[in-house]
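The structure under discussion is supplied below as structure tokens; questions concerning it will follow.
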Amino acid sequence: MEKVKYATILSNMGACSDRFCAGGYSAPVSVEEMFERAASIKKLQGIELVTTWHITPGTKEKVKELLRQSNLSLVSIIPDHFGESKWGKGAFSAKDKGIRREAAELTKEFMDIAAYLGGDVVSLWPGQDGYDYYFTADYIKERTWFEEGVAECCAHRKDVKVAIEYKIKEPRVRSYPSTVASTLLMVKEIGAENCGVTIDYGHAAVAYENVAESVAILKKYGDKLFHMHMNDNYAYWDDDMIVGSVHTIPYIELLYWLKKTGYKGYISMDQYPYRENGRDAVEESIGWLDSMYTVLERIPEEEVAALYESGDSVAATRMIRKYLFNL
Amino acid sequence: MEKVKYATILSNMGACSDRFCAGGYSAPVSVEEMFERAASIKKLQGIELVTTWHITPGTKEKVKELLRQSNLSLVSIIPDHFGESKWGKGAFSAKDKGIRREAAELTKEFMDIAAYLGGDVVSLWPGQDGYDYYFTADYIKERTWFEEGVAECCAHRKDVKVAIEYKIKEPRVRSYPSTVASTLLMVKEIGAENCGVTIDYGHAAVAYENVAESVAILKKYGDKLFHMHMNDNYAYWDDDMIVGSVHTIPYIELLYWLKKTGYKGYISMDQYPYRENGRDAVEESIGWLDSMYTVLERIPEEEVAALYESGDSVAATRMIRKYLFNL
Amino acid sequence: MEKVKYATILSNMGACSDRFCAGGYSAPVSVEEMFERAASIKKLQGIELVTTWHITPGTKEKVKELLRQSNLSLVSIIPDHFGESKWGKGAFSAKDKGIRREAAELTKEFMDIAAYLGGDVVSLWPGQDGYDYYFTADYIKERTWFEEGVAECCAHRKDVKVAIEYKIKEPRVRSYPSTVASTLLMVKEIGAENCGVTIDYGHAAVAYENVAESVAILKKYGDKLFHMHMNDNYAYWDDDMIVGSVHTIPYIELLYWLKKTGYKGYISMDQYPYRENGRDAVEESIGWLDSMYTVLERIPEEEVAALYESGDSVAATRMIRKYLFNL
Amino acid sequence: MEKVKYATILSNMGACSDRFCAGGYSAPVSVEEMFERAASIKKLQGIELVTTWHITPGTKEKVKELLRQSNLSLVSIIPDHFGESKWGKGAFSAKDKGIRREAAELTKEFMDIAAYLGGDVVSLWPGQDGYDYYFTADYIKERTWFEEGVAECCAHRKDVKVAIEYKIKEPRVRSYPSTVASTLLMVKEIGAENCGVTIDYGHAAVAYENVAESVAILKKYGDKLFHMHMNDNYAYWDDDMIVGSVHTIPYIELLYWLKKTGYKGYISMDQYPYRENGRDAVEESIGWLDSMYTVLERIPEEEVAALYESGDSVAATRMIRKYLFNL
């Protein structure tokens, strides 16, 4: 098997809260402890950090040391544009000019810190960039602000990629970068070589995307897949469950297209283990991915090619069955 | 493996149309030819017939002969309460008293014919019993009519079961027997021993039911699962695809609960092979079910029992992975 | 207009958090301040209290005084079966027997306190009673535990109603009391006169229920509508928005059926004003309800009766248009 | 009120079938009779024709005469790329090269006929361009074929617009032009001035689009809204109901954005009146649109501008309430 690089967002190692249980479903876990837990997962190679939660400008040296101790690479930094009340009405697309400025400055600062930590990706998750009610948002102006802000960050330094992670809703009821295509429109408008897209499996699935197709679309229109987040859900909401706990076949086709399109980045877990041991939940996701990669390796390329040529649905289903169950 | 009995609705062997391509995606197939195709599927033992489409009172002898020749059992008859324009505004719950009468008479007539053909199930699919627009339906009166009509049929003869198949929508935008619980309320109100429920995997899934849980609910409140229809979909619409083509794990838990609750009926395919060879699509579904039963057999009962005791989500996911991939 | 009694859950007056912004979108508000805000809403008559958040056994006298000062009635108490980590894996249906006991004791204690405060409803919201992953829940045993626990509470005292509020998902990915019919099955099994159902408009809508029909179903099978929660959403998730901000016509039919079925309880707001002034958001909801009641008053009963007789969808749509726009 | 031009697809005047009731819910209606029905709708000015169903090269003169007699303008021609079995596996993106050729030739031929009939829009609805099962479609190659075919048509003559109508599913389980942004990516790739987009309200709503925002997106990225189809649904499926029968407020914001972005095209009905009188259903939709335009006219532009500046959700909801109910 081609070498797959697994990673996780650091918070997957800790406690989760929700709007009803704001105090958390389990006791808080320190950053150091989360690093230790991550380090104990055998196949894990990389870490993503959320600012405010895991890293601030003042702790970058300490984090560098924690990465070194854990023998983990810095995969990306996710600037906190969503977790403090000031971002509640948007970051890059906020109506408040000062907030928009702050969103860009924060991003640029952490592009530098990412580079300092040996990373080359900043993954933007604009969860608050959107709106909730009718007649409250100027859809054109606010998308334009978003694009201008991200463009400024991309221009800050070319050696760090800026990847926009889309999601159709939550926390805003409607988001601006909502689907793979909606986000690509922005990326094309921004027009920077280091501007691309992060796909989150669950976000895409909730938007009724077949994630394999989303990967293909990013390939077709500019080779813009910069990063991948993995998890699973029941198709209606971003449940952030263990990879493979609900869906099997769509994942196998997704892994196929990642390979076919030459994706070289990390396969990174982004879960919310509300009631689970987060470390074990990530380890289990890696177990599923490994098993699904094994199935993929059994499938001769010419069989897939023949199916894409014929479009024979019965034959496609039979092929998956054959290699999934190793018949 | 405990002997599983596979069946199919006969129309799965033929052509499909939809609202855009009313003439059908392939050439029409005669009833005789559909029987031949069904007979050629090795593991298939039973057939369900839709009245109007496959059988009328005038053709019952001929159908008896076709069943004999094909060596297939009559699993159920599905009275046509949906395919002629007269049923467009409902059958058992139609506002037109004459239509309600006709719905009951048709059902009783085919209960007799089912018995004549060696069957003991009539599966009602009240696809037109519901409504589309606000302020057009008296929800109490129409549900009551529905219950009264079905009760009359159940009283007609006790040796034939009347199984109500629910579906949350389509063809009506909102249906009366919409979910497993909505239908159980009706079944309890009807109060006949021979009145129960048909679960269609896809119908249940579109209503966000975990089908294994739906089976459990029918067990708990009166042991009312009378019949099972199988197919698959993408969770939003009754796509009627090949079993296992989208979902794997939910099917394995479903098969577990069918066994656990002592379901002895047929596992019958209900698909819409618009662009596929229908015979092959059913054969492929049986292939998947067989493979999933094989996985199920690998799972020691005590492991499942322990999971249901602990509720450990990581362990449950690991167990499925272990036996699915035969690690 | 028949006298409508409006209420709100007290937390609607305060700050909201979510899983990303756990610290809240605005500053915390004290219970006293929330009462003051509520008292300033002219048409508001009643309050619902969540235990832990708004009331504990130790503060019942103080709350009594706050109700008196605010001139607000106690509409219901909602026992906290969801907001502390101990409830994370369920309350009445928890696998841990001690937790199940605690859920019942808490409920009974607050039935007494509700009566002490002049109320006669305890509204149970079993948000954690359900499951997330396949192969982790014994659907029969856990529903039975749920029913046994609630039955015990209902037997505790007959002068306080126990109303179960259903929701198809969130915070558990799948809930036991999921739909109006699923909950009615439980209520019938519990079999107590003081056991019934709370409908939350948004919860029902996310389960693809037409809420007017849900009201009718509760009427038909035992007159079991005990309480109503109001809010609005985009049909896919419990967005808990201002009433009428998205849907207009379904609300008008709902109010019609509340009247038709003789509902005498409160119309209570249950919103999550993440980024809004909660007090104003509730006041605005009452404004919408008042306006929609005004539309309803324009509609002659015989016109509705004629539509329910004919089922004419064009005529129904025309009637709503006529009275909505006052043509 | 600025002059709004209403139109309808001709088939709205006739009978509908679906996959269960293939023979139709009412008697077939001739093209002549459908024209007569349309002509009897007072505010209707234009007609859209579907080839095969309403017009063929051989009947163009007759259709010209029917348009003249009815005093109706030809708004668009919709080439039949979906209603004959040969299109079952796609038109512009079909794996069969001959079918792709035929799709382009048909389109070009009807661009000429549209011009002959005084129209300047061909609206493509690629309902069969997509796929159903995993591992059956080469997402990159097939999208490219689609773009190449449409580009060829656009080059055929510049005086006829080619508008692509997107839909996330149905009849294919997954479509290529699925969302407004997915389609815009194709339109930009095609790069022709006369290539744009048709928005169907219901198609957009099922993809969780706020249609007002979709209009804004088309404005922002090249002013590409060429045509509008109107209907309503319950948010999960293209129910093709009467405009305004379910949603009110989203429609008002949509009409606002159509005006704001300078849309000058027709407002055309695209409904499926399965159980209704189609003529009356279209007339009723026009009634709703007229009433909603009246509400819109009451709203002072500066109030909307202020809301888009402040983003105040309570104020926005209050404003809509004020002008909707004319308080």
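Per-chain residue numbering starts at 1, and chain names A, B, C and D are given in the order in which the chains are listed.
As a convention for this text, contacts are C-beta pairs under 8 Å (C-beta built on N, C-alpha and C of every residue); 3 or more make two chains touch, one makes a residue touch a chain.
Please read these numbers as outputs of a predicted model, since none were measured by experiment.
For chain D, the chain whose average C-alpha position is most distant is C.
Interface comparison, A-B versus A-D: the pair with the greater number of contacting C-beta pairs is A-D. Residue numbering shows that chain B and chain C use the same positions for more than half of their mutual interface. Spacing of chain A relative to chain B, judged by their CA centroids, is 39 angstrom. Chain A and chain D, compared by their mean Cα positions, are separated by 35 Å. Annotation for chain D: residues touching 2 or more other chains are 89, 132-134, 169, 174, 208, 234, 236, 242, 245-246, 249-250, 275, 313, 317, 320. Looking at the complex, you find that chain C touches chain A at residues 16-26, 82-85, 87-89, 127, 132-134, 169-171, 173-174, 234, 236-237, 239, 241-242, 245-246, 272, 274-275.
Of all residues in chain A, only 89, 95, 131-141, 143-144, 168-169, 174, 178-182, 184-185, 188-189, 207-208, 210, 212-213, 216-217, 219-221, 249-250, 252-253, 256-257, 304, 307-313, 316-317, 319-320 touch chain D in the complex they form.
Those residues of chain C lying in contact with chain D across their complex are 208, 234-236, 242, 244-250, 275-277, 280-281, 284, 287-288, 291, 294-295, 313-314, 317-318, 320-321, 324-327.
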